[in-house]
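Each of the next two complexes has chain A plus one other chain: chain B in the first, chain C in the second.
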Partner chain A sequence: MSSIQINSVTKRFGDFTAVDDLSLDIQEGEFVALLGPSGCGKTTTMNMIAGLEDTSEGSILFDGQDLSKTRIQDRNIGFVFQNYAIFTHLSVYKNLSYGLEVKKISKSEVDRRVRAMADRMSITHRLDQPASSLSVNEMQKLAIGRSAIVEPRIFLLDEPLSNLDAGFRAYMRAELKVLQHEFGQTMIYVTHDQIEAMSLADKIAIIDQGKLMQYGSPLDIYNSPDNRFVANFIGSPRMNLIDGEIREETSQLKLMVRGGAEIPLQGQVKSDFTSDGRVHSGSFGIRPQDIYFGDKRSTKDIEMHGTVEVLERVGPKRIVHLQVLETSFIAFDDQDQLKLGDEVPFFMPPDKSMAFDVVSGRRLGVV
Partner chain B sequence: MTDTTKQPANARIEPSKQGYWAGVARDGNKMGFWFVLPTLLLLLFIVIFPLLMQLYLSVTWWTPLEGIPWYRAWEVFSWGENYWFQLTDPRVWGALWRTILIMIIAVPAQFFLGMALAYLFMDNFPGRKVFYSIMLTPMMIVPAVVGLMFFLLFQGTGPVNAHLGLPSTFSWLTDVNRAMISVIIADVWQWTPLMFLILLAGMLGVPSDQLLAARLLGGSNWQNFLKIILPRMKAVIIIALVLRAVECFKIFDLIFIMTKGGPGVQTETISLFLYKQTFGEFEWSYVAAIGLTILFVLSLIAAKGLAYMAKKNG
Partner chain C sequence: MNAIEIKNVVKTYPEFTLGPIGLEIKQGEFFGIFGPPSSGKTSILKLILGLIDPDEGQVIISDQDAKELGVAERGMSMVFQNLALFPHMTGRENIIFPLKERGASDEEMSRQLDLVSDVLHISHILHKNPAQMSGGERQRIALGRAFAANSRAMLLDEPIAALDARLREEMRVELKRLQRENNQTFVYVSHDEEEVMAISDRLAVVIDGKIAQIGAPDDVYSRPNSLSVAEVIGSPPMNFFQGQFSDDGQFFDVESLGGRLPVAGNIGKGGKATLGIRPEDIWLVQDGEDTDFELSISSVEPLGGYTILNAHLGDQIVKIRAPGQVNVAEGSTQKVSFDQRRIHLFSDNGARL
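Take a look at the complex of A and B:
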C-alpha cells in the first residue's frame, strides 16, 4: 500500500503531447478514477504510473520514492489489463500462482494463498481447468485475483469492466468496491464511463487532451465543476450549457443568447469580469433536474418561458426539451404535467446555476 | 411462378428418361473418378513405378555396366543379399553415423542461436529492420555457393587462418577432425537464419500483454521466457526442429563442394555415400537397397512420432 505523487508529468510521443503537466496526489488507500473521453491520455498516465512508459518530464513518487529506475518486475504493481491478459496456456491455478512462484515462495504457502484467493473470487471449482475455458466474467475475476494475490503496493485497473455484459458490470462494480475495502489498497482506475467513476471512486481525476481538468470527490465534481468541460462531461442527461454574450444592462448582468433569449445572471459571475467594458462570451449552465415547473419557489429564481418540443420517457420521469426562441433547455418533467406544444413557465434557482467563460472554459465566480 | 409450385424441381431430371450421362452427372463418384483418373495415373507413374523399379533392382546384382537392360535384371537375382550386405558394410554405418553427428550438433546449434537471436529481435531497437534483412541473407544463398564460400574461407592461405593468425599449413578441410567442424560451421551459418525466422514468427505470436502481465507479476525475463514464451511456442519449435532435422539428414551440396566427403571418408554423409556408390561404383542395385531401407526406417520413425504427438495432444 502506497501513496502516489504525480508531479507535473508530461509525456510526448514525437510532436504529440499525450499528457501535459499533470499533477495528482493520491493518498494511501484511496480509490482514484482517471476519467476522460477516449484518447485523453488517461491510459498513458496509468502506464507511466506502472512504469510501462517513461515520463518525458516530471516525476512519479511512491511513498516519496522515485521508482523510475526500478525494473517493472521489481515494482510490485498490480495491473489489470482491459483484455485481462490471462495466461491462456496455463490452468486457472497456475495463473493465480504465477506471481508467487516467481518469487520462490514455498509450495505449501503458494497453495494456501491460491486457494484462499480462488475462494475469495469464487472460482475454486475452476482451479484445475485451463484458463482458456473461462467465461469473460470469470476471466475478469481471475485477472483481479492474479494481481491481488501478490499484495501489490498499488492496484491499477485499465477499463476492467468495459468487456462485460451490462448485468455483470453492475455486479462487478459492487464487487470491486467490496474488494477495495477488503484489501485497503490504493487503487487507480481508468475509465471513460462516468457512472463507474462516480460509483466506485473516492476521488475522480477528469482528464481532457492530456490536461487535468478537475480532481476531487465525485460529489464535488458533480456539484461544482471547475470548468465548462467538466460541467459538460459529467452528468446524464448533460448539463444545459447555453452560450451567449454577457452584458451589463441597468446594473444587471445578462446572458444574451443568439435568437434573442435573455438569461439574467445573479452572482454566477463576479462583476469584475465585465468591468473592462468589453463584450465577453459566456456560458450559462444548469443541470436538467434543477429546472422546475409550477409555482415559483423563491423570488430570486430565474423565470423563463419555453415551448415543449420533445418529451422522452425515462422510467417514471420524462425528459422535456424546452424551446426558448432559438435556444433549447432540457429538464425533467416528473409529474407528467406537460403536453407537447405547451408554452410553459419554468424556473431556475440561481444557486444551482453557474456560468463559464467560453474562451478559457473556466468557471466565472463561485455561487 | 405457378409452374414451379405445382411441379417439384427435381422431377424434371428423371435419370431413366435422360439417358446415361445424366446418370453419371448425378452420380458424383463416377464422374469424379473419370476426372481424377489422369492425375491418378500420372501419380502412379511418378511415385509407384520408380519405387517398384527400385524394389526390383534392390534384390538383384544389376549394374548398368554389364549391358543387361534393367528389366532383365532378374537374370542376376540376388535374393536379399544387398540388404544383408548393407547391414555389415562399415561405410554405410560410418556415413549414417556422420550424418547423425552433423544433425545432432548443427540442428541444436541452429536452434539455440536462432532462439537467442529471435529473443533479441523481440525488442524494437534502432535498425531492427536492416539487421533483420541482413540476418536472413545466408539462407537465401544457394547451398553450393555457400559451400564454395566456406571452401575459400577455410583454405590454408584463406581469411580464416589469416584472421586467427594461424600458419597456412594449418588445414581445415583436409584435416581429419577439423573438416567435420568446418562443414558444421558452414551449415550452422547457412541455416540459423531459417530457424531464427520461424522462431521469431512464433515468438511474436506470444501476446505482448501477457508478457507484460508476467513482468508486472514479478517474473524475471528468464522466468517469463520459460513459463510464458516457450510453452506458447511449442508447436512452432517442433515444426522448426523437424524441418531442419529432415533437411540436415539430406545434406549434400555443402559437403560436396567443400570436401567431397574427405579427407578419406571423414565427412561422408549418407547422401554423399549414395552419390559415390551411384556414379563412382555404379552399384545401382546396392544403392536401391540402401535407399529403400532408409525410406522404410524414416517412415517408421515419422509414423511413430506422429502417433506419439497425436496421443499427447489428446
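Take a look at the complex of A and C:
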C-alpha cells in the first residue's frame, strides 16, 4: 500500500500536450477513478504512474519517494487491463501462483497464498481446472486475483469491465468494490464511464483535455460540480444546461434563450447569477430529477410551461422531453401520467438550480 | 395497415434455427428488436430486406408477398453496424447519392440534406471524405444517407452502438423525433436493452432464435411473460430467489432469505418456483415499519440521482435501487420490504405464473 502524490505533472508528445499541469493527492488505501472522455489524458496519467511513460515536467512521489529512476518491475505495481491476460492453457492454480513463483517465494508460502486468494474469490473448487474452462465471471475474478496476490503497492486498472455486457458489469462492479475493501490496496481505476466511476470510487478525478476539472468524492462532484464540464459529464440522464443572456425586464431577472424561451430567475439561483456583476451570458443548470410536475410546492419555485415531445422508458421510470419553443428540458415523469403532446406546467426549485458562466464554464455563486 | 408482416417464418442454418417467427409491424411504428448477441435479431432484418429467403413461412410487405419483390422493390433502407460509405465521395455526396440515382430534383436533394444534417448534427463534416471522419461521424453520415432516401421503412442494425454514451442518449431522441416527423416505419435492432426500451413504441424480445415476448416497453418491463425475458430486461437486472409455495398456496417461502411472502391469487400449492423482484421494488424500511427481511449491505454505489445497495446472500448479490442519496453504512444490516404488487413468480419451466 502506498500514497501517491502527483505534483504539477505535464506530458507532451511533440506539440501535443496530453496532460497539463495536473496535481493529485491519493491517500493510502484509496480507490481513485480517473474519469474523462476518450483522449482526455487519463490513460497517459496512469501510464506515468506506472512508469510506462516519463513525465515532461513535474514529479510523482510514492510514499514521498521519487521512483522515476526505479525500474518498472521493481516498482511493485499490479495491472488489470481490458483484456484479462490470463494463461488459458494453465490451471487456475498456476495462474495464481505464477506471480509469486517468479518472486522466488517458498513453495509452502505460495500454496498458502494461492488458497487464501482462491477462497476470497470463491473459486477454490476451480483451482485444478484449466483457466479456459472458467466462466467470464470467474475469469474476471481470476484476472484481479492474480494481480492482487503479489500484494502490489498500487493497483492500476484500465477499463477492466468495458468488455462485459451491462447486466454482468453491474454485478462485477459490486464484486470489485467488496474486493477492494478486503484488499485495502490503493487502486487507480481508469474509465470513461461515469456510472462506473461513481459507483466504485472513493474519489473521482475528472480530466478533460489534459486538465484536472474536479477532484472529490462522487456525491460532492454530483451535488456541487465546480464547472459546466463536470456538471454535464456526471449524471445520467445528463443535467439540463441551458445557455442564454441574462437580462432584466419589468423588474424580473430572466435568462433569455435563443429561440425565445425565457427562464425567470429568482431565489438562490438569481443571487448566483448576479454574484459576479460582469457576467452577461449564463448557463442555467438543473438535474432532471429536480424538475417536478403537479402542484407548485413553493412560491419561490420557477414555473415554466412545455410540450411533451418524447417519452422514453428508462429503467423504472419514464424520461420526458419537454419542448419550450426551441429549448428542450429533460425531466422524469414522476407521476407517470404525462402523454405525448400534453402542454404542462413544470417547476424548478431555485436552490436545486445551478448557475455557470458560459465563457469560462466556471460555477457562479455558491461554492 | 401493417407495413411488414412475418408469418410463421423458419430459417435453418447449420448450427442455428431461427423461428418459427410471427410479427406484425404497423405503418409508422417504431418497432424494436432486442435480444442478446447472436439470438437471431439481424437475421430478422435480413429476411425483411430480402437478403435471405425463409425456408418456411411468408414475409409480407404492404400486403404483398415479398417473394415476388426484389430487394429494390421492397423500398427499404438499411443501416448496418458495419457501414459501407463510398470512400471517394464526401459526406454530402454520400447522403444525396440515393436521391440522385432516383433522379430527384436539386430542390428535393437540398431539402432532404438540410433536414438530416440538422437532426444528425453533421453540417460541419459534410465536406469531408469518410477517411477523414471519426467512427461516430461515419455512422451519422450512413444514417443520413438512409434517411435522405425517404424509403418505405428504415431497418437499423445497432446504428448508434459505436457512439459514446452522451451522444447515444442524444441520438436516440433525435431518431425518434425524425421518425415521428416523417411518419416512417422504423425497425430497430439492438442488444442494448435501455436503448431499445427507450426508443420503441413496441418491441420484440428475441431469445435463441424465437420471439419470447412482444409488447409496449412498459408492459414488457412490468409483466415479463417468462423468466428468460425477466432476466434480460432491466438494468441492474431483476433479483431472483428459488423457493416453494406453502401447502395452502397462501405463501411463498424463500430459504435463502429466511422468510416468506404472502401470495395473492391461487397460483401454486407446495410446488417449487422462482420469485423475481426488480431492484427498485425492494424498499428500505425503518424500525417499526413492516419488515419482510433483513439484508446485510456489502457495498453502496452512490449514483447521485439514486443509490444502488448490494447485499451478498450466499453466492448471490441482491441489488436494491433506492431513490435519491441514502446514507447506509457498508457492513450494516438493513430492514427491507418487498413491494408485493410487483413480485414476479415463474414456474420451473420458466413460464410466468
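We take it that the second predicted complex is superposed on the first by the 322 of 367 C-alpha atoms of A that agree within 3 Å, B and C clash if a C-alpha of one lies under 4 Å from a C-alpha of the other, contacts with A are read in each partner's own complex, and residues count from 1 in each chain.
What we mean here is this: a contact is a pair of C-beta atoms (placed from the backbone, for glycine too) under 8 Å apart; a residue touches a chain by one contact, two chains touch by 3 or more.
Keep in mind that this is a model prediction, so the values were computed, not measured.
**Q** Let's test your reading of the overlay: on chain A, do chain B and chain C clash or fit side by side?
**A** fit
**Q** In the overlaid three-chain picture, which partner chain does A:87 touch, first (chain B) or second (chain C), both, or neither?
**A** first
**Q** Looking at the overlay, does A:177 come into contact with chain B only (first), chain C only (second), both, or neither?
**A** second
**Q** In this superposition, which partner touches a larger number of chain A residues, chain B or chain C?
**A** Higher number of touched chain A residues: C.
**Q** Figure out whether A:321 sits in contact with chain B (first) or chain C (second), or with both, or with neither.
**A** The answer is second: A:321 touches chain C but not chain B.
**Q** Tell me the angle subtended at the Cα centre of chain A by the Cα centres of chain B and chain C, rounded to the nearest 10 °.
**A** 80
**Q** Report for A:103: first if it touches chain B alone, second if chain C alone, otherwise both or neither.
**A** The first partner, chain B, only.
**Q** For A:312, select first, second, both or neither according to whether it touches chain B, chain C, the two together, or no partner.
**A** second
**Q** Could you tell me if A:347 is touching chain B, chain C, both of them or neither one (first, second, both, neither)?
**A** The answer is neither, since A:347 touches no partner chain.
**Q** Least CA distance chain B-chain C after superposition, rounded to whole Å?
**A** 11
**Q** Which chain A residues qualify as touching chain C in the complex?
**A** Chain A reaches chain C through residues 37-38, 122, 165-167, 170-171, 173-175, 177-178, 181, 192-195, 198-200, 218-219, 222-223, 232-238, 287-289, 309-310, 312-316, 319, 321.
**Q** In the complex formed with chain A, which residues of chain C make contact?
**A** The touching residues are 36, 164-166, 169, 172-173, 176-177, 191-194, 197-199, 217-218, 221, 231-232, 234-237, 278, 280, 298-299, 301-305, 308, 310, 312, 315, 317, 319, 321, 325, 330.
**Q** Quick one: in the complex, what on chain A touches chain B?
**A** Those residues of chain A that touch chain B are 50, 52, 72-79, 81, 83, 85-90, 98-99, 102-103, 146-147, 150.
**Q** Which of the residues in chain B end up touching chain A in this complex?
**A** 207, 209-210, 212-221, 223, 227-228, 231-232
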